[in-house]
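The structures come next, written out as structure tokens.
Shared chain: subunit A. Partners: subunit B in the first complex, subunit C in the second.
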Partner chain A sequence: MIQTFVQRFTGNRSTLRAAEHRFIVIALIPTILFYAIVKFYPIFFSFFISMHEWSLFGNVSPFVGFDNYALLAKDSLFYKVMWNTMYRTFAGTFLGAFCSLIVALILNPIKRGSILLRLIYFLPVMTSVIASATIWKWMLQTRFGLLNQLLSVVGIQPVPWLQSTTWAMPSIIVMGIWGGIGFTVIIYLAGLKGIPRDYYEAAEIDGASSIQLALKITLPLLKPVVSFVLITGVIGGFSGGFQAIYMMTGGGPLDSTRVLALHIYDYAFQRMFMGQASSMSFVLFAIVLILTLVQFKLQRVDWEL
Partner chain B sequence: MKSHNSSRREFLKITGLSGLGMAMAACVPAQPGMEGAAADEEPIELSLWGWWDIRMDLYRSVADQFAEQNDRITVDVQSIAGGYVEKLYSALAAGTGPNMIKMRSLAFMHQMREENLVLEFPEEIFPPSWFEEAYPLFDIKTNGRYVLPTGTTCTLMMYNKQMFEEAGLDPESPPKTWDDLITAAKAVTQKDGTGAISRAGFAVTDEWPVLSQIYQLGGNVIQNNGDEQISLMTSPEVHEAFTHIANLALEHEVWDPGFPNFDSVGNGLAAMTEEQTWVIGEYINTYPDMYPHIGYTHPPTPTGEADPLYGYKDTVTSISAVTGHPENDGDTWEFMEYLYKDGGKDAYWALCELISLVPERADLMSDPRLLETPGLREASEVNPYERNYAAVPERAGAVQNDVLHLIVREGRPVAEALEYGDAEIQKIIDEGLAKYWV
Partner chain C sequence: MANQDFVGVPSQIDTQSLSGASSEFQRLRRGLLFNYLVLGAGAILMVVPFIWMISTSFKPQAETVSFPPRLFPISPTISNYIDVFDRANMGRLYWNTTFISVIKTVFNIYTSALLGYIFGKFVFRGRDIIFYILLSTWIIPFEVYLIPLYLMTVQVGWADTFTALIVPEIFTVYAMFMFRQFMYTIPTELIDAARIDGAGEWYIFHRIIIPLSRAALFTLVAFYFMWNWNDFLWPLVVISDHDKYVITVGLATFVGEFWNQYGVIMAGASLAIIPILALFIAVQRFIIEGVVLTGLKG
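On to the complex of A and B.
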């Protein structure tokens, strides 16, 4: 159909190949322009800002080279923020992936009521983070929150979930897992449905137990899906978490839940240190880029296998 | 009639040239005479940005009254939902900002002033003598003439009279000293079977904890010599103030951080708190059943007197004119004159009433409505004896909370926690955010 259109467009069969190229280029122009303006220009401009002591109002924004990056290297708070970000990212991703896998394995064989179940576990994904963070904040309130009320039934003293430097981050992580589990379960279920039934039947004929089926067939064949879930989870984890943390703890207590996204926001829009905020964004960009390359590499290996 | 067949290429060429010609014609500047004439006749729409719909509705009512008197200028009042500062700064940087804004705070005004984003009130419309007469308590010397206050939110002691009665205390004799406070708090505190507090005698504010106590002792968090600021977080006054508040939890067991601020009093989970008057509006609207039982008095001090102060207060700022629209500055000041002078008086009272502020306008300071309003009557009495902390950077409040957290929750010694606070306040000073903190 495209060929016919190109022929009509050019009116000349002999120049078909050149016309095809021209058509492709013309067709791509809106996309290229969109990406150039909306994606690449802000990225390069942000890098430009990171090399300046940038004022939003542009009168005096001296060039400082890599000074903003050097400041980060010397800033103990930035190291704390990086630690918090990694803690939240890796704990949240691995724990979330594990919980999602268990839920998916439980849900996979269920036939009756599966639509209702899907609706229930996908509901947190559809809920606004702001709304769910507010509800979690109430539930985790020290003295009168639902969770501590339930724990008091079994004689456990109230835990200051969001007011303790020990418990605040785990609370945020659990809330994040609850919010994302539905999406991950969908991915796992798609992966599980893709495993041919024949493998299980053959193994069952050979007398394999259900645990052996899971360990020898399900998990190995689910490996590409697991690696996809883990790597996209880690990538998302590094740049995410802002809304929930902003709502629930504001980064406290004592910066124990301050993650990179919140830190960048604070520097850019509260303190108006655009240069430093941009340099942090590029550190984040570098991390995400490396992780994305790792993901590509791992996926390639999976295909080759 | 002879027809002429144009090729597709010719048609496109003619269409393109016509479009280009029309675009260029549109770019020709209007002649000066024409522009001036149009400005006299054409209606002008100014824009005013703020946040919180209910408040902006009150400003809108002023704009509507103004529009009835002025057939040329209208003011589009917009309430920005969420991210006010981010949206405002993005718009100002892009040259699409409003003519006027509801100023966030005095600290924010100073920041905007340094960035040349706000206009100074013109002397020909707002002469210095008018400032002194119309807003006698406002510190023009420190704050300049870039914004005026709507009112002041003073710190008061708020207590539940019903709980006082139940505990055998006289609800008409609330605690006046720190010792009175501890005695009363012990009387009204209730504990459950495990010994945990089930009803707190006192709830500490999480906005600016301990600041009033520091001021009551004659101390401050920083010393500002104009060019230089020094952290006083390790001073004896700050140490004593933190010790007093922390001991309410650690020694006297009348407070627990699980009972946060004024909400605990509203919920009936705490008997007393020290908060700013804006929370009276919260009691009226959110806790209407509790509101009639709440009494107000000055914050307890070590001696019972304001020696030197009762605590801190905050100026709630009103509208500022913004740079970036020089062609409309005259129109903007026309509206601002109406707003700040007689035209906006009723709206100003409504704004004060909305968030329980003591008015700063001289013609409202002795208004009978003020003296009849529970809480505002007491606030107008303490107003001259409280220090305005409005130019204190917001992060300093977080430092206060963190220090208290270290002492009460993490069990650190007061001195050690204050060392941490000292370092954090020093960072704020180093970032240049404490220049107007007095």
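On to the complex of A and C.
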């Protein structure tokens, strides 16, 4: 350690510098080229497209300035889409974070069988959303689906889960929670591991009950992890939901599950309004950017860990 | 001694009986019983969809819609699976998906390890600014890229090719970030010692850094393989030739065609899920520990 320190400040390593330099340059040149072409240029290109009435077929793409954005501001369907997106995002994130927290808190003290339990909760995370959505669509089927058949045993009339404007979105949200709970639980468990045991021992000597322990020690110390889960959940939620909704409802009934990601895909690749779709993707970009900046402000993320 | 294990267990309220080994034991039994009951109920909810999928996939069409629902088919059949292999070209889908996922994952992990090493272990001018510029692309939703990348793909003549599925995703930010974090656990002295012994930079990277990063590497390989295997939107947009479909797109198309033949659809879903699930259960110890290890911290 001292040796490295000395070397660094005496420039003893200068003989090695040329080789290191070459190594860095060889690695970075393709990287920077890739990011410039695949990650940065498309953003400007997308903005350029959003300024045009761009259709895949037909060679004429007239420049329309900010008309696409102005159209969005007047489009009642777009407001509905934004409402659906926020409904799915906030309900899904908060409910999901809550359920995962409960599971993590009661899973944490368990030793025997904990690996098996984690694995079971993790199963849906590993499954492709396309496949799980296929299963859920079948379980929620109105006449023959498992859920309605079980409900009929206790005398509840069949509910058309995915064909009802009231129930379609909650169904998709519940499926999303089922699909993501395993991942969030593992994040919480990592956070719980980081809480020093001494705190609990000290509080127990003072006669604290386990509810007090949970409320006064665990939750406050877990707050950074909880807010990490919530914020990343909300940011991800705005651009998410495509696969599940594409498979289960296609955005229906009556656009009640049409979220932004699906709407962009639909406009760009089904209706071929690429300019309009690009303007929507920029609205999404702006929302995500603002939320991320808010996150940086609220919570100085410890990048160095 | 076991007291601290009961954090967050509502049933463990009486602190009066703290003394005495037998009451300690009873508290342990009672406290954990509650935990096991709740987690067990939750676990059943988690696996019911999978069990119902497998159950339905072995039922003949008439039985899938019979009431009351039965867990075990009366006359189990594998005809649904035969149907899927015949009509959905399952072998082809498996091959395409495996081929693309393996190549993408190898690229993802290699480039990320290299960049993580460079940003984590070297000191050069502009290092941090370059790193944060690359990292900033992490927050950009894929929907922003969907349209321009598609048009660019068409422009260079890659539409409907595997190249279009692989090339735009060679470099990846998340794994790069994770590898950079991991580099802090590798002592710099080791690298310096290798240099003094005359090892070249690439030799050090391949023979010292990569082997020492095993723990992070396994986890990231598993996760990237899973993400690449389950990728949907980009293949859906770029590939139109049925022979080049990946498994997710193949399943979605298949479900659209056979929407009311539940047994066949569930057989298709099973076949899409089972390989990746089997792979994951085989290496699960690495993964679950690795999420913690790679430093997922708030």
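The working rule: the second predicted complex is superposed on the first by the 271 of 305 C-alpha atoms of A that agree within 3 Å, B and C clash if a C-alpha of one lies under 4 Å from a C-alpha of the other, contacts with A are read in each partner's own complex, and residues count from 1 in each chain.
Heads up, the rule we're going with is that a contact is a pair of C-beta atoms (placed from the backbone, for glycine too) under 8 Å apart; a residue touches a chain by one contact, two chains touch by 3 or more.
Remember, predicted model here, so these are calculated numbers, not experimental data.
K.L.:
Label the relationship between subunit B and subunit C on subunit A in the superposed model as either fit or clash.
P.N.:
The answer is clash.
K.L.:
Determine, for the superposed model, which of the two partners subunit B and subunit C contacts more residues of subunit A.
P.N.:
Between subunit B and subunit C, C touches the greater number of residues in subunit A.
K.L.:
Considering only the touch criterion stated at the top, classify A:Gln157 as touching first (subunit B), second (subunit C), both, or neither.
P.N.:
Touch status of A:Gln157: first partner only.
K.L.:
Is A:Phe269 touching the first partner subunit B, the second partner subunit C, both, or neither of them?
P.N.:
Both partners, subunit B and subunit C.
K.L.:
Just subunit B (first), just subunit C (second), both, or neither: which does A:Lys297 touch?
P.N.:
In the superposed model, A:Lys297 contacts neither subunit B nor subunit C.
K.L.:
So in the superposed three-chain picture, is A:Thr142 touching just subunit B, just subunit C, both, or none of them (first/second/both/neither)?
P.N.:
A:Thr142: touches subunit B, not subunit C.
K.L.:
Kindly classify A:Phe34 by the partners it touches after superposition: subunit B alone (first), subunit C alone (second), both, or neither?
P.N.:
Second partner only.
K.L.:
So in the superposed three-chain picture, is A:Leu254 touching just subunit B, just subunit C, both, or none of them (first/second/both/neither)?
P.N.:
In the superposition, A:Leu254 touches subunit B alone.
K.L.:
If you lay the two complexes on top of each other, which residues of subunit A touch subunit B in one and subunit C in the other?
P.N.:
Shared contact residues on subunit A (touching subunit B in one complex, subunit C in the other): 141, 143-144, 269.
K.L.:
Would you tell me which residues of subunit A are touching subunit B in their complex?
P.N.:
55-59, 141-144, 157-158, 160, 163-165, 250, 252-254, 269-272
K.L.:
Which stretch or stretches of subunit B touch subunit A in the complex?
P.N.:
Subunit B reaches subunit A through residues 83, 85-86, 89, 92-93, 111, 115-117, 194, 196-197, 256-259, 269, 394, 398, 401-402, 405-406, 409-410, 431, 433.
K.L.:
Looking at the complex, which residues from subunit A come into contact with subunit C?
P.N.:
1, 3-4, 7-8, 13, 16, 19-24, 27-28, 31-32, 34-35, 38-43, 45-46, 49, 102-103, 105-111, 113, 115, 117-124, 126-132, 134-136, 138-139, 141, 143-144, 146, 149-150, 152-153, 178, 181-182, 186-187, 189-194, 197, 200-201, 204, 207-211, 213-214, 217-218, 224-229, 235, 238-239, 242-243, 246-247, 260-261, 264-265, 268-269, 274, 277-278, 281-282, 284-285, 288-289, 292, 299, 302, 304-305
K.L.:
In their complex, what parts of subunit C are in touch with subunit A?
P.N.:
Of all residues in subunit C, those touching subunit A are 3-13, 15, 18, 31-32, 34-36, 38-39, 42-43, 45-50, 52-53, 56, 64-65, 67-69, 111, 114-115, 118, 122-124, 130, 133-134, 137, 139-152, 167-168, 170-171, 181, 184, 188-189, 192, 195, 200-202, 205, 226, 229-230, 232-233, 237, 247-248, 251-252, 255, 262, 265-266, 268-269, 272-273, 276-277, 280-281, 284-285, 288, 291-292, 295-298.
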